[in-house]
Each structure stands twice: as structure tokens, then as C-alpha cells.
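Below are two complexes that have subunit A in common, paired first with subunit B and then with subunit C.
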Partner chain A sequence: MSIFVIVYYAALIGASCLAAFYKQRGVFMLIFSLTLVSFVLGIIGGAGALRLVATAAGVLALAAGTSYAFREFLIQISRPNLAKELRTAPLTAAFGMFVIFTYAIAGIFAPWIAPYGEAEVIGQAFAPPDQNMLLGGDQLGRDMFSRIIFGARNSVGLALMATLLAFVMGAIAGLLAAVKGGWFDQLMGRIADVIMSIPSLIFALLMLSIFGTGLQVIVIVVAVIYSPRVFRLTRAVAGNIVVMDYVEASKLRGEGDWYLVRKEILPNATAPLIAEFGLEFCFVFLLIAGLSFLGLGIQPPTADWGSMVRENATLISFGDITPLIPAGAIALLTVAINFVVDWMLFRTSGLKEQ
Partner chain B sequence: MGDITRLILKRLGLGLVTILVVSVLIFFAVELLPGDIAQAVLGQGATEETVAAMREQLGLDRPAFVRYFDWLGGAATGDFGVSLVSGERVSEAISGRFAHTLFLASYAAVIAVPISILLGVFTALYRNTIFDRVANVLTLSTISSPEFFLGYILILFLAVRVTMFPAIASLSSDMTFLELLHRTFLPMLTLVLVVTAHMMRMTRAAIINLLASPYIEMARLKGTPPWKVIVKHALPNAWAPIINVVALNLAYLITGVVLVEVVFVYPGIGQLLVDAVAKRDFPIVQACCLIFAATFILLNLAADVGSILTNPRLRHPK
Partner chain C sequence: MHDKFKDKEILLEIRDLKIEGYSDETWVPIIKGVDLTLHRGEVLGLIGESGAGKSTIGAAAMGYARDGTRISEGSIEFDGMELTTASESERRMLRGSRIAYVAQSAAASFNPSHKLIDQHAEAPVHYRIKKRMEAQEDAMQLYEQLRLPNPREIGFRYPHQVSGGQLQRAMTAMAMSCRPDLIIFDEPTTALDVTTQIEVLAAIRDIVDEFNTAAIYITHDLAVVAQMADTIKVLLKGEEVEQAPTQQMIDNPQEEYTKSLWAVRSFNSPQRYRPTDGSDPLISVQNVDAAYTGGIKVLDDVSFDIYPGMTVAVVGESGSGKSTTARCITGLLPPMSGQILCKGEPLPPRYKDRTRDQLRQAQMIYQMADTALNPKVRISEIIGRPAQFYGGLHGSDLKQRVDELLDLIELDPVQFYSRYPPELSGGQKQRIGIARALAAEPEFIICDEVTSALDQLVAEGILKLLDRLQDELGLAYMFITHDLATVRSIADEVVVMQHGKVVEQGPKDEMFKPPHHPYTDLLLSSVPEMDPEWLTTVLEERGVDNIGEAADR
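Moving on to the complex of A and B:
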């Protein structure tokens, strides 16, 4: 029984007693069940397993603290209206915003943050981490840390472009379909049906096998694959707005389709569309990451998270976590966006009254 | 029963039409190549004669729609032509691998479906408790992670740090069934994690939706015991959404299986597709895409038909 184990149990039991004393039922249940689980874990895995639990709890606490502080920071710097909304954000959403903020900084200022260039060979292949290369070297001896930073620019930037294109195409088609109706609506609907009836990854592979793997090709193919989702949502949302009296009135006034879309419908359809943008970005990002992982995305030597996982995958069989870092970077961003979108959907759906 | 048969026949017809349209898309997409297949495969350096010889061999001198019907007729009888790279018959390259992929997908489905439905019902019944919140965060994280991330984490912890399962799921013909299950455990687990998260969230949403309906409240108000509310009132109407959820997620397995096969070097049809795309071996790409798309459409169709069949309102027409 080492000192660590004693401190570990003392802290857990102390915390659960405190929680019980201050009548924090949820917190108490959480901490006390963690204590019980720790008994089992401690017997099976020894002090190592407990250390793992303690580290995980520490990381969680750190993340919670950061998100709390970041939310306060956002509340301080934003205008009163926005600040009121932000106060309702759960910690998960604040965490998501913090992660997105960090990624944006890393992506925008990549050349200044990264110590080396993305294609610069620094040391030996698969060099272990030292003070020069924070995360070690990759399969050619390039600095892993710099490549991760540049990956934030390349991978996220590409996904963002594809999402924007998908959004513009889908939203315009959806709005026009709702306004025009008739054969245009039918045609667009059927095209969307056909595209959605092929699994997205399979469709992307088919198209990339034909058109090759240029950046423009990837952006266009991915945008075409995901625009039907946007189309359907926009069509549904706009369909409810088109039948409103004020739209009818402006139609009678003799306004054109484009005016209706821009001035009457779009301002009333933004809230669901913004949430959809977040979700859509996650799908696009994961698809492009998958394609890069298969070696069909952004081509070397450009740093890209998906292909970095693939290039360093052999390290995993030696118990090295290097390939998990870019994969984790992908996962962290999608989780973060999902957290934020979850909160936004919750806010707009009126579920909070329940 | 006349109404319901007609409804189902209509859906089946629609599914067939969709598969046909998709096959047209898959076939004619290749026609969009600058030049034609022969030029694209042989590249810039090819001489006129070799290109002409390949055109001859592939029958490219015939009009595209004639070749389409040839291809479709062949595909319907399981003949997808000849691989451009190896010269092997595509059907032979595919058949064994397709069985492997089906095995992996059904292995994952058999484990994922019961677990996720149970968890989904539990999170719906105990919603907004700590258990529900933790499940929510965990499933959201699993859904958001790329399949290869989950796969490599599992390899790191269950195959390298603790050598319980093999990291590479290669198969040989003389393996017993138990060995097979052990060998394919990690790819199965990866798929299960992803699909379970999806399925559980959808089940939860469907059940919560159902429990909010007025007749459930009525049953509660008249004093029916809780288990009876679930079994007698909620469950008969829950089958339709649950079947829908299961079929949709099995369809989701199809996309997931491609990445998982590559991570675990599993000899399935997904890996074949990825290799063929890199080599621009169009007959194999077309065949694999058609198989994946057809399975996807059929599962979506099954979801539709299943929810029609289990809908009590349609089963007993007035």
C-alpha cells in the first residue's frame, strides 16, 4: 500500500463526505460510486490502474476548470444580450467553444506558432520526443508538433471550404425549390434522393477513382455528396415559411424569387441552418479525414491529420501513441463542435421548458 | 390486407428503381473520364497500338448504353467483367471477400443490436439522470471520433499493451469458428462502439418521443402499473421506430466497415475497393460500389417495410 493509494482513497472519501454534508446528491453519488469502482480496479490493476483513474479525473477537472473560466471570459467580453445567452451554456458547450477557439488560433497563426516548416526534415525517422521536437519525429524525421499545427490549417481549412460549398449549393437549391415549387422542386428532390441513396464514403471513393485526388476535386465531390442534407433541411424550413401571410403579401406586391429568398425567408431560417452547419462540418471533416487516412485525400508533403495517422500507423505495434495524436486532434474537434451544436439545438428547440 | 400489400409492393418497386438509377450513375460516372478508360489506365506514355488493343479488348468501340446493359445483365448474374490490373475475373476476386465482410458486419450487428436497444430504453426511462448524461457524453464522443481513431486505441490497449487479441485480422481457411471470432474481435468491437452509439441515441429519442404521447399519460393516469405501461402500451408502437433504427444503423455499418477493414488489414470487400481506387481498377470499383450501394438501399428499404409491417394502425385498416 503506497502513499499514493492512501491519499487517493482519503481524497475520494473526504470529497464524498463533503458532498453528502452539503446535500449535493448527484456529486455524492458520482464520487462514491467512483470510490467503489476504484476498490475493484485497485484489486485487479493495482496502483497503476488507480493512477490512470486519478490522471483521467485530473484531466477532466482541468478541462472543466478551463471551460468554466473560458465561459466567464466570453461573458465578460460580449454584449449584454449575448452574455445572457452564454450564461445558460453548459460546461460541455463552453469546452467545445474553447477547443474551437484554440484550433482557430492554431490554424490561422500556424506558420508563427509551429517551430519548423511542415515539410522540413529535422531529425531521424520516428525520433523520440526531446526538447527540440516536442512530439518526436514522423516517418521522415519531420517535426510531429509542427505538422499537427499545420494540419489544423490544412485539414480544417479544406473541410471548411467543402462545407461552405455544400452549404451554398444545398441552401440555394432548397430555398429556390421552396419558392418555385413545381417541377424544379420535384427534380431537385429526386436528385437529392439518388445522391443520398449511396453511402457517402463509397460515393466519394467512386468519384475520386475517376477524377483523381486533386484538392479541387475533393472539395467539389464532398460538397456534392453532402449538399442534399442541407437541401432537405432548407427545403423543409423554408417550406414552412413560404406559406406565411407576409410572404404571400410580398409575392402579391410583385417581388421576384430572389428578393423573397433573401429578404423574407433567409432571415427567418438562419437559426436551424447555423446548427446544421456545425453538424454538416463534422460529417464533412470526418469524411475527408477518412479519405486522407485511406491515402486519397490531401497529398504529401502537405501536413494533414488523416494521412499523418496512416503514415505513422506502424508505430502503434510498438506501443507508441504518436499515430493517436493526429487522430485525437480530429476526434477532439468533432466532439467540441457536437457539444456546441447540442447546446444550440437545445436552445432553439424549446426543450428547456421541460 | 390489400392496402398494406400494395404499400409494400410500391416501396419495393421504388427501391428497385433507385438501385437502377444508382447503377446508371455508377456506370456512366466512369464515362466522364477525360478520353476513355483505356487512355486513363494506360496513361500518357502508352502508344496508339496498346490503347487501341485495350479498347478492342474492353469493347469500347460499342456505344455506351449497349455496354451499360451488358454490364447490368452481367452484374445481375454475378459477372462483373475482368479486372484491369490483374486480369482476374472480378466476381472471383469479390465473392470470398464479400463473405468475409458480411461475416464481420453480422458479428458486429449481433452484439451491437441488443446492447444498444437495451441501453437506449434505459437512458430513455432514466433520462436526465447522471447515468443518462454520462451515456450522452460517451456516445457523442464515440460518434464524433473517426473509426480509425477508435480502432488504433483498441489496438494499443488490447493488442499491444495487453496482448489479448491480435492486432491484424488476417484469416486462413483452416481456422475454427472460435479462432475466427477471436481473430476478428477488435474490428468487431470498433464497429460495435460506433454503431451502438448511433443506435442507442436514436432508440432513446424514439422512446422519449413515444412516452410523451397522450395515450401513455392516459394509461399512467388510470393507474396502470409502470411495467404494464411499457409492455402493453409503449412497446407495440415502439417496434416501428426500433426496427427503423436498427436497419438504418446496419446500413451505417457499410461505410464504417471500409475504414475498419483497412485499419485491421482484414481481407474484406472494403479493402479491395480502396486498393482498386488507388490503382484505378474501374471494373472492381464499379462492382464494389454497386454492391455497397445495393446493400445500403436494401437495408433502407427493409427499414421502410419493417415499420409499415409493425405499424398497428396500418395492420388493422378501418
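Moving on to the complex of A and C:
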């Protein structure tokens, strides 16, 4: 029995005793059941499996610590009202915010952070990681790390633009439909139905094959595909607000539709719309990554996570994890945004924790 | 203590109860040390304004603290069992079987997807007190005692298939299903019309008497509690003001606060009469028929006039077409036939076709101040917008006008100028609603049940304010209400509506003198009075079997 295994069990048992002594029921149950599971794991997988568990726990603890510190940091720097809201954020949401913050920094300062240019060939194809190239080289010998950093700018920036456009189109149409009602509402609703009835990926492929794969085309096509969802949500939310007495009072005053939308409805609809924005951003991001993977998105040599997965896909059969790094970057961002959105949805829905 | 119950066994004893609520990250006291003793068979009335902690005490009597509240101190002893220290499962065993609860809104408290009788039988079957068939048989008997129509079949309907008053009685029957020792009635008739309220009150009183059940009756309506309770306890902001047997409490209240509660119904505005010089009425509703899309006629040949500077009260139970008439006048619902004249000139039926000046003439104040004010807009803008929109005021002129309006409604401009509606109390919100209507400088205001969602003291303040504004600004009001006490205090003329028709109309002093139309008579005699014997007298006059049923179609 190696020293590691002895230390591992000693730490677990010690921690569970401490938890039990301080009457932390949840923590105790967690640690002690981990101890019991580890007995079985140790017998089957040996010290290697236990090392894996220890690493995972360490990573988790590190993430939790980072999130906690980051949340405290945000509370410290924000205004009192905002700080009060932030204090209610769970650790997962803080983690999400931290990841988004990191990505934003990487994207904005990409040319200064990345050691090489995104199209610069500096080594052999599929070079293994070394001091020069932190994550190795891709299929043309470009630095993988630099391309990931630039990818944050290109992929995320593009997705952000497309989502914003989708929101502007969908939200305006939805709000007007709710206020005007009648034929305008019907017309908008049917257009949305038509767009939604076409499978999104096929529609995007079709449009991109017809109009070419320029950046503007991608943004517009993706925005058109996703605006009906925004439209439907906005119309539903606004529909509940339009029947309120204060909107009736404004209507009777003789206010125009645009005033109603801007002053009476929009301020009351922002919370669900922001939550939806986060959610839609994930879908848009995945769609664009999917398009890039199929070769119809952002064109080489521009770095983009979706196409990086495809270009390096062959490596996976050699047991190399390089193609998984951009995929992991996509997954991490999606999960992070969902954490934040969950928290926001929880707040707007007014649910109370039991 | 009431002599009648002095020698009876004590059922519930609450000592020095303190309850705290969690808000803004600290625990704030809600109930600040209340004592309560309830004997077997005694009915205790709890009254006070909203926020006085009536419902919280009612829930605490079951050993229950709502989400976000906790019982911090004191003892609650139910029949020898201490509820504050009892385990959750022990307390759960009491609820439904020995302590029952009747909620304010029966419609929201019944599960819409189960039949009434199944919900009725749930508790007895669960506690193994009765078999299902036995419980159903018992339910039918209770329904009969509560004078529900068709007692053997009504239980097999779903909640949406019976009317509000019947549902409230079915809920009382359900509370009785296990023959509990204590029932807590939390404002059971507040949401009902006066004509329906009387039958529910009679039913509750009879059944509580018959099974000798103790009850805590929570309400803010003094006249109602006078009918129901043996003892009355008055609460204010989580503290007890005083407690006394009903008759003594009504005849001889000790505390200032109680006296002010009792005095509420005394406000009376002097009656005004129509001008005799033959001038045109301000608003004239002429032979209006109206229906919602595809539905049956909601209004049938409605006609009445409103003269400048006068208050016309439109009364009737819910569904009688009062609010629909208001919608026709404002132009939200174009009438099918008939017309609405403003100073002798016909108004376009749809509000979109009216000119800005026509829209300005008629303003509206709503029942629910919560939904009538946009929660995300500052007070200054809510009030300022009409002034800006109609009067074209800007900058410092606008600010001055808003300050003026806030002064007019007796709110301090400095304090309220830049606040948001959710930060205000119900009465303050209603005042802002009034200010918004005034900002348009109208001659005519429609008040749609403006006081019915407010406590009596606050409502009194609003009525006085409206009356003062009427004198100062020469406003005409159309006052929609189902509360005849309000009519009595503020109206000059009364229009009684039933099933979309005007049943009777005339000046107030004539309307409150007999002879009446039968429906007016029913409405008038259904308004609870402070006399504890009132309900008994009315029931005797009407005969036990047809109380309130006269109002049914």
C-alpha cells in the first residue's frame, strides 16, 4: 500500500469525523459515502483510480474557491443595490460569471495574449506540446493555444452579434404584435411559424450555399433562424403585460404604440428577456460552431473553435486530445452561461428555496 | 372574558406569541407578543387592517409559520399539546382532523381537477376516521345543512361548475368533514357580494353552533365579525389593542384606535342636486346595448345621466355590468347600439377615434392600484406624463405641476417624487392613481371600485380626499361599487344595476327610503350592520330557506 493511498483514506476519514463533530450533516454524508465508494474503487481500480478521484475533487474545490472569491470580488466592486443581488447568487452562477469574464478578457485582448498570430505557421503539423507551443500544433503547424485565444474573439463575437440581431428583430416584432394585435399579430405569428417549421441546420446550410459564406450572411441567417423563438417569448410575456390596467390607462390617454412598447411594456419584460438572451446565445453559438464544423461557417485561416474541431478530428484516432480542447472551450462556455441564466430565471420566477 | 364560556374547558391557549419575518437579510418582528385564549365552542373574531398580523396568528394557531417567517418566542397550547415544540408529523396529524382552515378564496383553494366530494372525503379517509362511502354520505348531509342547492348531487361537480358563494360553503363543509375542534376562517366572505355573503355567514354560523366547534374568525369587516363572534380581539401592527365580548366591544370600545375603527362608517358628504336651469348633462349614456365578442348581451338598454360636479354611484353585484358600462363610456368597448353624449355632443364609440381633448375629459381610477401603476416607472413620471401629454408642460413647469398634484393628494413631494410604486402602501398607490387622473385636468372621473381593495380606515381617507377634490375642482364622478356603505357616504345619485339592466335610479335620499324595487331592497337589507342581532333578524324576515337565493337567477 502506497503512502498516497494511506494519506487519501486518512484525509477522508478525518474530514468525515470533523464534519460529524460540527454537525454538518450534508457534508458528512457526502464525505463518508465517498469514503465507502473509494473502498470499492480502490479494490477495482487500484491507486490510479483513487488518484483520479483526488484530482477531480481538487479541481472541484479549486473551481468552488475561485467562484467564491470572484463573487466576493464582484460584491466589493459593485454598487450597493447590485451587491445585494449578487449576494444571492449561488456558487455555480459565480463560476459561470467567472468563466464568461475570462472568455471576454481572452477575446478582447487576443492579439496581446496570444504568443503567435492565428494564421502563423511556426512548427510541424500536429507537433506535440512543448514550451513554445503550450497546446501543440494543429494540422498545418500553427500554435493551438494562440488559435484558441483568437477563436474566443471570432466565434463568441460572431455568436454575440447574431444573437443581438435576433433579439432586436424578434423582440420588436413580438412587442408590436402584442400591442397591435389583430392582423399584424396574425401575420407575424404565421411568419414565425413558417421559419420555425424548417429544420434550422438545413435552412442555414441552404441559405449559406445560396448567398455564400460571408460574415454578414452568417449573422443575418442565424438571426433570422432564431428570431421566431424570441418573438414567441416576447409576445407571450408582453401579452400578460398588455392587459394590465396601467397599459389600459396609457391607451386611453391616447399614447401611440411606440410609447406603450418603450415605456410601459419593455421595462417590465426585460428580466425574462435577459434570461432568454443567455439561453439563445448558447444555441446560436452551437449552431455557428456546427456550421463551421461542416465547413460553411467562418472560413480559414480565421481561427474558429468549430472548424478547429473538424480540422484536428483525425488526431482523435491516435488517442490525442487536441481536438477536444476547442470542443471543451465551447462546452465550458455553454455550461457557464447556463449557470448564470439558471440563477436569473430563478430570480425572475420568484421561486423560494425550501 | 365572555361569561358564557368561563367555565368551559380551554381549547387553545397562546401565550406571548412572537413571530418574525425575514426581509432585507434581517428578521423583523411581525407579531409582538399576543395572548389568546379560546374555549370550546367559542368564536373569536380577529380584526385589524391588512398587515396587522391576523392571518399570521390564524396560521400560528395550527402551529404553522409561513415561508419566510418563524415563531421566535411564546407558547401555543392546543388541548394540552404544545405546538411550538411538537414535531412536524405530530402537528400534521392535527391539521385537517382536529384543526381545519377555511381560506379567503375558495376558488383558488380547491383543486380544479377533482370533484368537490372527493376533496371533501380526502381528510376523513386519510385519517381513517371514516370509510369513503360514509364520508360521502356525511358530505351530502353537511351540504344539506349548509343549504346548498341539490345537496345529493352538487358534490359530484368540479369547483368551476359551482358559484363562488356555494364554493365557500362547500369549503366550510369540507372543514367540518372530520368534526374538528377548531376551525380557522380566514376572511371567508371578503371576496363575495353582499347578497352572497349573507348566505355564507348564516351557513357558517349555524354549523359552528350545531357542532359546538370553536372558531377563529379573521376579517377586516366589523359588521361581519359582529354577527359571527362571541368575543372580539382588535389587532394593530402585530400587537393586541383590546379584547372584549362582542356586545360590550361595540357599545363601549375603550381604546382610541378601536373607536376610530368604529367611526369609519360615519363619513357623510352633503347631498347635491341636479341643476334646475335645464343645462345639458356632462355625460349622458343613452340606450346602450353591449356585448363582448360573440357573447350574450352584457348591457341591455342602459341609460343614465351624470351632471357636472355630481357623484353618480353605480351599484350591483359582480357580473351586473357596472364595469362594462364604464368600458363603454371610455370607448374600450364600442356599444352595439345607443350612444354616449358628452356635453350634448356624441362621443365616437371607439377610443381610437376620439380626439385628445375628448380623451382628456374622462379619466379613470382603478380598483387594483397594484396593476394600475407601472411598477418600473417613477412616481414623477406616472403623474407627470398626462400633464406633459395633454398640457405640453416641460422642465421646471412640469416638476412644479407634479409637486402641486402630490400636494393635492396629501403626499409629500420631496419624499415621493422619485420613488417607484412597489415601495408604496396600498392607500398611497391609490392616491397616486387619483393624481394621475387629476393630472389630465378632467371634468369627469370614473372610479371603478376604488376603495374595495383597501382597509376601512384607508378607504375612508380616500373617500374624503375624493370628496374634497370634487368640491375644489368641480369634478363629476361615476362611482362603481358594490359596497352600499360607500354609496351612502359619497353618492348624490344612485343607479342600481342587475343582469345588465338599470333596475332603479334616482337621488340618494329617495333611493334609501322605501318603497324600493325588490332587488334594491335585497341589496340594501344584505348589507351587514353593526348590531350583533342583525343577521338573526334578517334571517327571520326572509325565512331560513331563501336567504340570498332571491339573488340567484
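What we mean here is this: the second predicted complex is superposed on the first by the 352 of 354 C-alpha atoms of A that agree within 3 Å, B and C clash if a C-alpha of one lies under 4 Å from a C-alpha of the other, contacts with A are read in each partner's own complex, and residues count from 1 in each chain.
Convention: contacts are C-beta pairs under 8 Å (C-beta built on N, C-alpha and C of every residue); 3 or more make two chains touch, one makes a residue touch a chain.
The structure displayed is predicted, hence computed values, not measured ones.
S.K.: Just to be sure I read the superposition right, which of the two partners does A:G254 touch: subunit B = first, subunit C = second, or both, or neither?
M.R.: Second partner only.
S.K.: Touch check for A:A119: first (subunit B), second (subunit C), both, or neither?
M.R.: neither
S.K.: Thinking of the overlay built on chain A, is A:C282 touched by subunit B (first), by subunit C (second), by both, or by neither?
M.R.: first
S.K.: According to the stated criteria, A:T334 is in contact with first (subunit B), second (subunit C), both, or neither; which is it?
M.R.: After superposing on A, A:T334 lies in contact with subunit B but is clear of subunit C.
S.K.: Given the touch rule stated above, what does A:L294 touch, subunit B (first), subunit C (second), both, or neither?
M.R.: Touch partner of A:L294: subunit B, not subunit C.
S.K.: In the superposed arrangement, does A:L41 touch subunit B (first), subunit C (second), both or neither?
M.R.: A:L41: touches no partner chain.
S.K.: Could you figure out whether subunit B or subunit C reaches more residues of subunit A?
M.R.: Of subunit B and subunit C, B contacts more residues of subunit A.
S.K.: Where does A:S317 make contact in the superposed view: on subunit B (first), on subunit C (second), on both, or on neither?
M.R.: In the superposition, A:S317 contacts subunit B only.
S.K.: Is A:I172 in contact with subunit B, with subunit C, with both, or with neither (first, second, both, neither)?
M.R.: In the superposed model, A:I172 contacts neither subunit B nor subunit C.
S.K.: Give every residue of subunit A touching subunit B within the complex, in rising order.
M.R.: 26, 29-30, 92, 193-194, 197-203, 205-211, 282, 286, 289-290, 293-296, 306, 309, 313, 316-319, 321, 323-324, 327-328, 330-331, 334-335, 337-339, 342
S.K.: Which residues of subunit C touch subunit A once you look at their complex with the stated criterion?
M.R.: Contacts found on subunit C: 25, 67-68, 330-332, 351, 354, 356, 359, 363-364, 366, 368, 371-377, 385-386, 389-390, 436, 440.
S.K.: Please name which positions on subunit B make contact with subunit A in the complex.
M.R.: Those in contact with subunit A are residues 18, 21-22, 25-26, 29-30, 32-33, 130, 137, 140-141, 143-149, 152-153, 155-156, 159-161, 167, 251, 254-255, 258-259, 262-263, 273-274, 276-278, 280, 282, 285-286, 288-289, 292-293, 296-297, 300.
S.K.: Which residues of subunit A touch subunit C in their complex?
M.R.: Answer in residue numbers: 84, 244-246, 248-249, 251-255, 263-264, 267-268, 352.
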